[in-house]
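Chain IDs A, B, C and D follow the sequence of writing; residue 1 opens each chain.
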Amino acid sequence: MNTFGTIFRLTTFGESHGTALGGIIDGCPAGLAIDYDLIDSELRRRREGDTPSPLTTARRETDRVEWLSGIFEGQTLGTPIAFTIHNDDCRSSDYSLLQHNCRPGHADYTYEQRYGRRDHRGGGRASGRETAARVVGGTIARTWLGQQGITIHTHHEGYLITCRIDGLPAGVGNPVFDRLNARLAYAALSIPSAVSFATGQEPDSWKLPGDAFPDQWIDHGEGPTLTKTNHCGGIQGGISNGMPVVFHVGFHPPVTQPHGMICRQNDGSLVNIVPHGRHDTDHSSRLPVIVESMAALTVADLLLNRHNS
Amino acid sequence: MNTFGTIFRLTTFGESHGTALGGIIDGCPAGLAIDYDLIDSELRRRREGDTPSPLTTARRETDRVEWLSGIFEGQTLGTPIAFTIHNDDCRSSDYSLLQHNCRPGHADYTYEQRYGRRDHRGGGRASGRETAARVVGGTIARTWLGQQGITIHTHHEGYLITCRIDGLPAGVGNPVFDRLNARLAYAALSIPSAVSFATGQEPDSWKLPGDAFPDQWIDHGEGPTLTKTNHCGGIQGGISNGMPVVFHVGFHPPVTQPHGMICRQNDGSLVNIVPHGRHDTDHSSRLPVIVESMAALTVADLLLNRHNS
Amino acid sequence: MNTFGTIFRLTTFGESHGTALGGIIDGCPAGLAIDYDLIDSELRRRREGDTPSPLTTARRETDRVEWLSGIFEGQTLGTPIAFTIHNDDCRSSDYSLLQHNCRPGHADYTYEQRYGRRDHRGGGRASGRETAARVVGGTIARTWLGQQGITIHTHHEGYLITCRIDGLPAGVGNPVFDRLNARLAYAALSIPSAVSFATGQEPDSWKLPGDAFPDQWIDHGEGPTLTKTNHCGGIQGGISNGMPVVFHVGFHPPVTQPHGMICRQNDGSLVNIVPHGRHDTDHSSRLPVIVESMAALTVADLLLNRHNS
Amino acid sequence: MNTFGTIFRLTTFGESHGTALGGIIDGCPAGLAIDYDLIDSELRRRREGDTPSPLTTARRETDRVEWLSGIFEGQTLGTPIAFTIHNDDCRSSDYSLLQHNCRPGHADYTYEQRYGRRDHRGGGRASGRETAARVVGGTIARTWLGQQGITIHTHHEGYLITCRIDGLPAGVGNPVFDRLNARLAYAALSIPSAVSFATGQEPDSWKLPGDAFPDQWIDHGEGPTLTKTNHCGGIQGGISNGMPVVFHVGFHPPVTQPHGMICRQNDGSLVNIVPHGRHDTDHSSRLPVIVESMAALTVADLLLNRHNS
């Protein structure tokens, strides 16, 4: 299931060191003007981070997007939008040491268990490089949301990204299972290295005292002025109430260790490997645009999903 | 979308003060013996809590399950299992004050925005009573998991429930979007009053130092002895690795206030209401069985979903 | 997968001689007034046929619908509508002869192969009685369609039912896979004993000469006056064009033979059985309302599904 | 919804005269060796027909498949298989006359109604060229089915294609809605210009007398020798019985008229157009491989879908 969403749907493909990665966006409304410059700049944010540092990845990714379908004279047709990003700078031989070894803290072992095989080069399908396709899809979703007056921003401290969605009307999301918060959690935890999710003004609202919790109504309030506080993060009973939607995503630090790592060989014995491949050493500045993209895909899908009201 | 799951699917229905609530379990493997006593005792855990106290709900719920289909001579047929739980003790008149008023911290306002109407009696569809159907479905899932050697336990401190799944084989879950952790997060955040989710030994692993994070392999380890630590909570790259799966769910405290609450009237003005209806004043002891039920539904679905390995 | 539809969704349950059959309608728009009398009269059409005859089923089915949820003060809430129809007149002992024998022309053998077991009483889940739940769901869909000016009628000659949908606007359906005609075919072939499906004015349009086929435009035509002929049955490229949608469904004659049938025993040997159970001997007059119900469910779902236009 | 299937899923993209068409195959079992030569020869069957004639399309399609992901050292990884076929020979200027005109018997008008716009060049997304992606996906499905001993063949007379699936085990398909025959009908009617579908030995079995219908068991028969006749086309109650699965698909003749066609202009008035573009004048010899591909996709998906037995 490499598909995200039910109406505004992104299906992605691609191994880190295969020919290309990319995706198909199905269900995007017709008549949307594609902002190619915005997509390029968002891909640059993903590639280099919001605050580029010498610690970010040494791999030179150019991320040139090739558009294959679904756009005619600059606007979406309503048909599937397919795009590819070719993998230009692949020195796969760097990874031959990892062919029969599973790194700690990576998906090598579990992919072997799931499929009986894997593309060992650079993490294959499990590489963070896969998130480039999410950024392309998410930016198109975001462009459409912008037309409805909905904007998405993040700020991050340490490895906690806080995301805020402004302008979302009341009534988006579903009761019971398919709640707006449940969908955002699903989106957030699908990001590589995500470990936690929380809704509300503060990431630890389960520690609040009971009488502090209910957000009190503002007299004749509506939309962004509905309640005095926003402990519920703009979501009541799984459905948006018109206040800003606020959630937090925690990530673990990157796990590739430049000075070697104890890998598991096929027979279960261990071996120390010092990888020659390039790899992320600090991904935190790259995470915001990915969180924003997943939020955009989630909200666009649910906004198109209000059939029975 | 009142359906949870893709193969082992639970569809639920029911308003708190309607005729009945219940559900249809579709995709349950054939030949499973139904443990009616276990279902009754799990419903009692949901109703009265693991540690009953005078603070738990005053509503006398009997939760007698009526089975309508899908079971023949005590075993599942592979066809849909339908069940109902009638609402016996409904004094709906208690709720007439809430007909035109939206409580703070509840779903009244958002349901109005979503559907243009709601059943105001006792929260309607948004009532916590809806979780009874989850417990029935989850317990059947759990019975089937038990046959595969998979067990689920929780413990809770304050409003944080920690859930542990033992015996899950390596290779369960999907890469990229439909990860085991993303699915568990979706399940957890669909529980009424859930505010946060985290995977791993500790609920705040985003605060760990980078070098502490990667779980180191045990020499010739496998299954529950695969790694020395379990920071990843038994999940690598979205797929189980054979270690116990561990996750945490945070809940906000209950919001019904016995001494009155400022409600929002249809015209936006505010009014103080002292509800006569019965209501939960401490739900924490009732949450464990709901978390366990949602975990069981999630894992059963993904376990049946390993087609292409 | 006992669910039909993606937005307007009907999930059904029930064995012929179990406690009850019924279903859950999820995704029905809120605020629809339920026409209980219409539902009863449509169930009577299903039960007794449009032209009752002494040949129709001897089983006395009363089909009293119990409504469990999703309706408040006579109108839909937008939440799941659950309903049951209890099986009152079940003389299961009539069927004991069939416990270890598979009838010819029935689903006994294939259910055994699929699930390793079956409820042998009266066909179990495979009984035509299951269609009662479709008629309930279909009639609610039809009520909603009626509000949009869309009506559905059938006429039948021998075992061919021709169905005509009037008032469907242009632009309903999807290109490529999920075409209006493909969905209607899926709906039609899901009806017990259906053997064929065709779109267009005539059921055999593949025999038409090529130059006769393209329906010619009417000058300034629109909606039901768009084209001079209707060979395409109101569907071009999988999408409605505003003309009446016309399709045909062929059924095989009923297969229960009152004078005995050669059944297959578990060990593969054959035995002649004369059933004592009641059974349909001519179902043709009961089919129209089932075809109409499935058409209504299909069209309502696709009409709610035009998000990205 | 440009996705076909639920587990073995093909998502396609591409306009006839855009940059490329192609697709993503998700859910294909890992470890399958890709037969590139077979894919090329099946694409040639689609392009030139089984019996090439001077009447088939004048467009020179080379259909060179580029593989982007999901295959490693010649075998599938279990991850998404993406492929593209570039559109080399596009003289789009040929089609400028059709920019503001809708042809009779085509999807021009309905796409306009559905999306408010279309790519008018060569039919855009509605072009038969889109079926190339189905043949790629279908041939991979067929390769996997071949490993399970399942083969698919067609023969055609006039515009009726009869398809036969041999080797399918008993127990494939689902009861009630998601029947094997309903799925095959959905698949068949999704093919451009398909107008009818029927199961069984003969395409008109609704005309058979009632006593002829039930297929009689063979003593100790099993698999392909289960019954004496095959009126039910290998499907009972929506589930395969082990006999060959037989169905028929009727197509209308091609509608492009070389001597001009009366088109509908945007304002509803009519105009005669003589198209310069290349176009199919007889597609019948190209249909068999498309029917076989859709049958393969359908059967592979259902075969991977037998979870709960």
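FYI, contacts are C-beta pairs under 8 Å (C-beta built on N, C-alpha and C of every residue); 3 or more make two chains touch, one makes a residue touch a chain.
Keep in mind that this is a model prediction, so the values were computed, not measured.
The chains touching chain A as well as chain C are B, D.
In terms of the distance between Cα centroids, chain D is separated most widely from B. As for how the two copies chain A and chain D face one another, over half of their interface residue numbers coincide. For the pair chain C and chain D, the CA-based superposition corresponds to a rotation of 180 degrees in steps of 5. In terms of C-beta pairs in contact, the better-connected of the chain pairs B-C and A-B is A-B. Chain A and chain B have CA centres that are 25 Å apart. The centroid of the Cα atoms in chain B and the matching centroid in chain C are 35 Å apart. For chain B, the set of residues that touch two or more other chains comprises 1-3, 12, 27, 30, 78-79, 114-116, 125, 175, 308-309. Looking at the complex, you find that chain A touches chain D at residues 1-3, 9, 11-15, 18-24, 26-27, 30-31, 66-70, 72, 75, 77-82, 84, 114-119, 124-125.
For chain D in complex with chain C, the touching residues are 1-4, 12, 102, 104-107, 109-111, 113-116, 125-126, 130, 158-160, 169-179, 181-190, 192, 194-200, 203-211, 213-217, 219-222, 226-227, 231-232, 235-242, 250-255, 257, 261-264, 267-270, 306, 308-309.
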